[in-house]
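In C-alpha cells below, several structures.
Paired with subunit B in one complex and with subunit C in the other, subunit A is shared by the two complexes that follow.
Let's turn to the complex of A and B:
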C-alpha cells in the first residue's frame, strides 16, 4: 500500500506510470540497491531553486518547505488514497457535510503548545477567515462552513454541502497546522520566518538569499502513515539552499557539495539518470495550458479556437523542446497525473493544418494578406500571446512557444509572443479580458476538483478571477459541482470526465505540457521521497549510507 | 561632482582662517548635495514604481498564491488599508520621505521585515564582492597595461587584444566558464560558495575580468598619448630608465580617466552583482533587488536604490580625493 516514490523509482527502472506518477531510475550502479551501512545523523544539503518570501503560504514554493516544519491532518499515498497523519481516523456523516477527525493524542507543537482539537479548529478559521492561506481558502470555498473542537482529541469540520474532494485537498502543504500560541503572540515577521509546527524539523535560521537551516525535532511523534520509519528524523540537519542557476544547482550535486537537487536541467537529465537516483514527478492539477480569451478578440469564435488548436504540432514541439524529458499534455483541463483524467480529451486536436484551414474558412477568415496571414474584412488574424517567462515558462518552454509560433504562421495566425516578467505578471498587467488572446499558466492540485476553481462560471455576485478564459458555461459549472458533491465515486469520475470533454470540445484552453518537478539524489542518501499531493520533498526518513 | 568644482581659483592660499571657512563650506555643500541626491534617488524610485502598470495590492495577493489574476475591489480593499495604499499618493510619499530622516526605510511588503534589516543582512557580502572586484580589476588592468603598452607590436597587440576580448565578454558567460573549469572540473573552489573566502574568489573574478578589460582600454589609450609627451622625452634624456619613466611619470597621468570610471564602476558592480550572486549561490543585495523588483516590493526596491546611490556618492567623493593624490596640481589649489 505505502509504496513510496523512491521505492517505485528503484523497482520501476524506466518508465512505470504508477498512479499517474512517472518515476525513472538511473541504470543501477553497484550501490544503487542500497548496499552500505546506514548511519545516523549528518546534514543533508538540498539545492532548491526559488526562495519564497515566507516559509508558510499559498504558493507551492512555500508548501515545499513548510512541509518540513508543519504536519497536516491527513496525507495521500501513491494510490491517491487518503491516509492518517495528525488525524488517526475520521468519520463522514451520511449527508457528507460533517467530518469528525480523531487526533493522535499527546502531540505537541515545538513550542510546547498541545496540538489538540482547538488548535486544529483555530487553523481552519485562520486559513478561511483571517487571510492565513489563500490557496487553502480557495480550495474549500464555498463548501467550508466552520470548525469546532468537540473535545481535546475530536475536531469537527462542517461543510455547507457534500464535497467529496475535501479530504484529498487538505493533504496539501497549504493545510499545515501551526501553533495557535505562535499565531496569536508572535509578530508577523516571526511567523513568516520561523512558523511553529509539530513537524520533523524546525527552522533554526534563515540566511536570506542563501539558505534555511532546518534542525531535527528530537521530540517528533507525529509522522504520517506513509512514513518510511517510525521516529524523529534520522539526519540532524537539512540545509535548504536557494540556488537559482540550473547549471550551478546540478554541478553542486556532481561535485558532491549537495546531496539532493531540484529541477535538473533537461540537458543534464540523461547523465543524471545514469549517475544518481532520479525522480520525475508529474504534477496533478491544471497542466501548463493557455487560457483562450472567449469574450474578446479572435477567440470569441469557437471555430477559431479549434483552428488554433489544430494548427501547430504541439506534441512534437514539446518533445523536442524538453529533450524528451517532459511529457506533452493534450488535455488542457487536468494533467495525466490527476485522478479521473480523461484520456479522450487528451487525444483531441492532434496536429492537422488542413483542418485548421477548413475551420478558418468556415469562420470567415478567408483572405490572405501579403505577409501570408489570414484576414477577415481586412483585419489580420492576430493573437496576442503574453507568457509568464521565467519561473512558469522557463527557457525550454519559451523555445516550444517560438516553434509553435512559426507553425501557426504557416496556417495564417500572426501570433505575437510577449515574454512577461514576474513583476508584470503578478501586478496584473497581463490579466483581464483586454490584456491577451491567449496566455499560459498551471495550477497544481491533487484533485480534479481543480476544475471548479478554474472553470466555475464568474457571476457578478460571485466573481471568479481564476476563470481566465472568461468561459462562462453554466452547464459546465453544474457538471463540476455535480462531481464535487457526488456520493458515488464512479459517478463523480464520470462527471469530472464529462467536464473535461466540455472544455476540450469548446477549445476553451490550449493544452501544452505537464507541470512537473525533477529531483536527483546522490546514491549515498536513501529513503528520500516525494509526497503525492504536489511532490513536496520529504527528508524525515532519509539517511546516509557509508 | 568632479574635480572641477573644487577648482576655486588660482589664489595660492596659506593656512588661514579664510581657507578653513572655504573648506568647511565646500564640505557642507558636498554633504547637502549628497543628501539631496539621495532623496531625489529615493523619490524617483518611489514614483517610478507607482507609475508602472499594474497594482501593488494585486501583486501582494498574487504573490501569496503564486497566481496571476485580477481581484474585485472588495478583495483588494483590506490589503490596501493594511499597507496604506488607500491614502493619497502624496501622503504616502511624505510618509516615506519623513521616515527616511528617522532612518526608517519602511517594511517589506513580502517579508514583513524592516527594509533596513533586509538590506543590513545582505549588504556586507555585496560590498566585499564589489570592492574586491574593483581592486582585482585595477591590478589586472595595470599589470597588463604596464607590461604591454608600447612594447613592440606583438606585445601591444596581445595586450590590447586581451582587453578588447575581456571587456566584451558577458559576465554570465565568464561566471559559468569559471564555475565549470575551477569548481566542477578542477574542484578548487566550491560550486555554491556562500560568502566564505574560497567562495568569494570566482564571483570576484567574474565581475573583475570584464571591468579590467574596460579599465585597461581606457588606461592604455591615455598611456600611449602620455608616452609621446615632451616631458617623457625630457625624463628619458635625463637618463631615466624605461620602467621608472613608466611608473613614476606616465602612470600617474594615464590612470586619471580610469579613476573617474571607478566611481561609476563601484555603483555598477554593486547593482550588477546579481549575475555573480546567482551563478555562485552567493547572498547579496543584487539578489534581493531582483526579487524585490519582481515582487513589486516598493519599500525594498527604494531602500536598495538609496543604498546604491549612497555608494555612488561616496565613491565619487573618494574619486575627487584620489585626483588630488594623483595630480598634485589639484591639491595645491584647494
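Let's turn to the complex of A and C:
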C-alpha cells in the first residue's frame, strides 16, 4: 500500500461500522411527526462536507457515498445483529473457517449483468488481492483465505482460522459489491467516478468540487432487511453536494437550499434541534485519540506518556470545545459505542496535574527553564503535535487542542500544534516515527476487532503500518487475536476489554473525543436514516411530505 | 502601468507631509496606525490579559466591559488576542512589503540601468511572474515549506514583488532620461554619484506611497492565507487566524468573526488612506 493510500485507509478506516449509538433527537417544532401527505419523486439536496477522491474506497467518507450505489452481503440492525441483504441466509462451519452465503436470486447490476456467487467471489478477491479496498483488506487480514462460487446463488468464503467478527465487519460499506464486468472492462477512472453496483441509486454525474448526482435505480430489487420500505427509492434523485464550510452547510438548510446536512457545527446544534429533525450518531471503533510515538522522542518513556495523559483536563476541554454536544472519550482504544467497551479504561487518567508532576520527577524531567517548561539534562520537554486539520479535526476540535496545549504548558510540556492540510496528510508528510510525538486520528469499526488493525505488533515479517504509536507488545497482540478467534462471546469480550486495559495502562494513545456524525433534516423529508455499522446515510427510503 | 511623472525635487521631508493634519480622515488614519504600532510594540500597555489564557467558565462571552470584544470558545479574551496579533499581522505586512521592495529595487534598477538583454530577460521574467496569482504562489510555497509566519511573509513578499519591480524599472527609465540626470552626467559627475544622488531618490520617491499602500494589501493577503488555515500555527492570534476560528460562530457569536474582520478592514483602510495622502502630498510637492 502506498503512503497516501495508507493514510486514506487510516482516516477512512476510522469509518468502521457497527455498535454505534444512534440517537434520534426528535424536534419539538410545531410540525411534529410525520404530518403531511407523502409524495413520490422529487430531489433530495444533501450537503456533505468532504469530497472523496473516488466514490468507492477505504475512507469512511467513501463508504458513506458508495452505499448509495452498492449493496453489501449483509447489514447490521440497531441491536448490532447481522441481518440479510444480498445474502438471504448464511451458514458457518463448526470450526468457524467457512462461511457459505445464499444469495438473493435474480439480482442484477445496473449494467444488466447478474449479481451472482461468481461476482461476489470476484469482489472478495478484488478487495484482498487487487488493491480494491485497503480497509476491506486490513479488516480481513490475515484471516481471509479465499472465496469460491459453489453455484450461482451460493458463495463460500474460507478463512485461515476462526474469526468471529467477520460477519459484523463485512456489514461496512467497504464491502459493497461491484459489477465484475465493469471492474474488468471500464477504465480505472470510470470505476472511480461511476462504480457499477446493484444499489438503489446510480451515479449519473460527478461535478468535481460541487456535487455528485445520484439517480434512482428503477429496477432496484435488493434492499436490505433493515429497509423502511420495500421497492426502489421513492425520490428520483439525490444531489450529494460538497460544502466544506460548516456555517455555509448549515445555512443551506436554514435557507431551504438543502434538505439534509451533515456535520452540523455544534454551536448551531441547539437551534437545529428546535427547528429540524436531528440525529447524533456516535461512531464505533477507535475514537479521536492521539497516537503517542513510543519508539522515538519523549514518549518512549511510559512515565512521560502517563504524565501527559494526566496533565490536561481533556474532559472539560472537549465539553467546552464542542458545546456539550460531542462526548468526551476517555478510552483511547475504542469508543463508547463499540461493543465490549471497557468503561474502566475510559475512566483512567482523569485530570491530575499533581500526579503529572510526580511522574515527570520520577522520569527525570526535574528541571524548569525560564519559559516554565520541564527539562532533563538541559533538554526541553517538547511535544511535536501535528494534526489533520479540517477533514478530521474540525475547528471545534482545534479549539480543544489549543485548550489542552495551555494546560500542558502549565505542567511543563511545550506542545507544538501543527495543523496539517489534507494534502500534507495524504502525502504522508506526517507519517513515520520521525514526524511526530503525538498525532490524533480516528478509525471507525463496528467491532472491537479494530484493536487488531491498530495495535497488532509490527514485525519485520509482518509489518503493521497502522500501529502508529509504534507500540509493539506481543502480549497485547495475543490477547486481541485470542478475542478474534474465541468461540465464547463472553470470553471474547473479556479479552477485548483486557486489550483496552493494556493500551490504557501503557498510555499508548491519548484519548480525546468520540468520532461522530451529526445530521439535521428538513421536516418535509421523512424516513431518512443512518445504518448502524458506521452511520452511512440511507436515502432509498426517504420521501417528501407536503 | 505607466511610470509616474517625476520632475526633479528635493527629497521629501516630514514638514512637507505635515500639511495632512488638516484632513480629519488622515488624522483618524494616523490614530489607527499609531494604535496598531503601539499594540505591536507594547501590547501589555493596552490589555492586562494574556492572549492564550484559557477560561473555560467564561467561553463565548458577549462583548462587555471586562471583555470589550467578548471571549472565544476557549474563554480567551478576544480584544487581547487582537492586540497581541497586531505584531504578527503588522510584521507580515511590513516584512512582506520590504521584501517585495528589495526584490523590486534589485530587479528594477538592474533592468533600468543595464538595458539591453538584461532588461529584456528581467522584463520577460517579470511579465511571467506578474501573470502568476499571488495566492497561487503562496500556496505553492506553503506546500513546500509548510505554513508559518516566515512562509507567509516570503510568499506575500515574492508574490507582490513583480508589480513593484515593473514600477521601479519604469521610474528608473523615466528619471534616467530626464534633463537633470543628463546635466549631471554632462557636468562630469561620476556615474555612481549620479545614481546615488539623483537617480535613486527621484526614482524611489513616488514608490514610498505605493509601499505604504502595499503594507495594507499585504496584511489583507496574509490574513486571507491564515483564514484558509495556511498561516501561523495555533494558538497564534494572527488576525486571519482569528477570522478563521471565528468562522463557525458567525451566526451565533457574531463578535468572534465581525470584530477581527472589522479591524482588518479599518487597519487596511487607514494604511491605504495614509498611503494615498502621502502620494498626493508627494505629487503635489513635485508640481
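Basically, the second predicted complex is superposed on the first by the 522 of 546 C-alpha atoms of A that agree within 3 Å, B and C clash if a C-alpha of one lies under 4 Å from a C-alpha of the other, contacts with A are read in each partner's own complex, and residues count from 1 in each chain.
Basically, a residue touches a chain if its C-beta (ideal position, glycine included) is under 8 Å from a C-beta of that chain, and two chains touch if they have at least 3 such contacts.
Keep in mind the model is a prediction, meaning the values are calculated, not measured.
By the touch criterion stated above, A:300 is placed in contact with neither subunit B nor subunit C.
In the superposition on chain A, A:472 contacts neither subunit B nor subunit C.
Of the two partner chains placed by the overlay, neither subunit B nor subunit C lies in contact with A:98.
In the overlay built on the shared chain, the residue A:423 is in contact with subunit B and with subunit C. Contacts of A:210 after superposition on the shared chain: subunit B is touched, whereas subunit C is not. Touch criterion met: A:54 reaches subunit B, while subunit C stays clear of it. Look at A:244: by the touch rule set out above, it reaches subunit B but stays clear of subunit C. In the superposition on chain A, A:375 makes contact with neither subunit B nor subunit C. In the superposed model, B is the one of subunit B and subunit C that contacts more residues of subunit A.
Overlap of the subunit B and subunit C contact sets on subunit A: residues 245, 247, 251, 421, 423-424. On the side of subunit A, the complex with subunit B involves touching residues 47, 51, 53-54, 57-61, 131, 133-135, 138, 187-189, 192-193, 207-210, 241-245, 247-248, 251-252, 254-255, 257-258, 388, 421-432, 441, 443, 463, 465-466, 468.
Residues of subunit B touching subunit A in their complex: 52-56, 58-59, 61-72, 78, 108, 110-113, 118, 121-122, 176, 179-180, 183-184, 187, 190-192, 194-195, 277-284, 287-288, 291, 293-296. Residues 52-54, 56, 59-60, 72-75, 143, 146-147, 229-230, 233-235, 244-245, 247-253 of subunit C are the ones that touch subunit A when the two sit in their complex.
By the touch rule above, subunit A contacts subunit C in their complex via residues 245-247, 250-251, 265, 267-268, 271, 316-317, 320-321, 389-390, 395-396, 398-399, 401-403, 405-407, 416-419, 421, 423-424.
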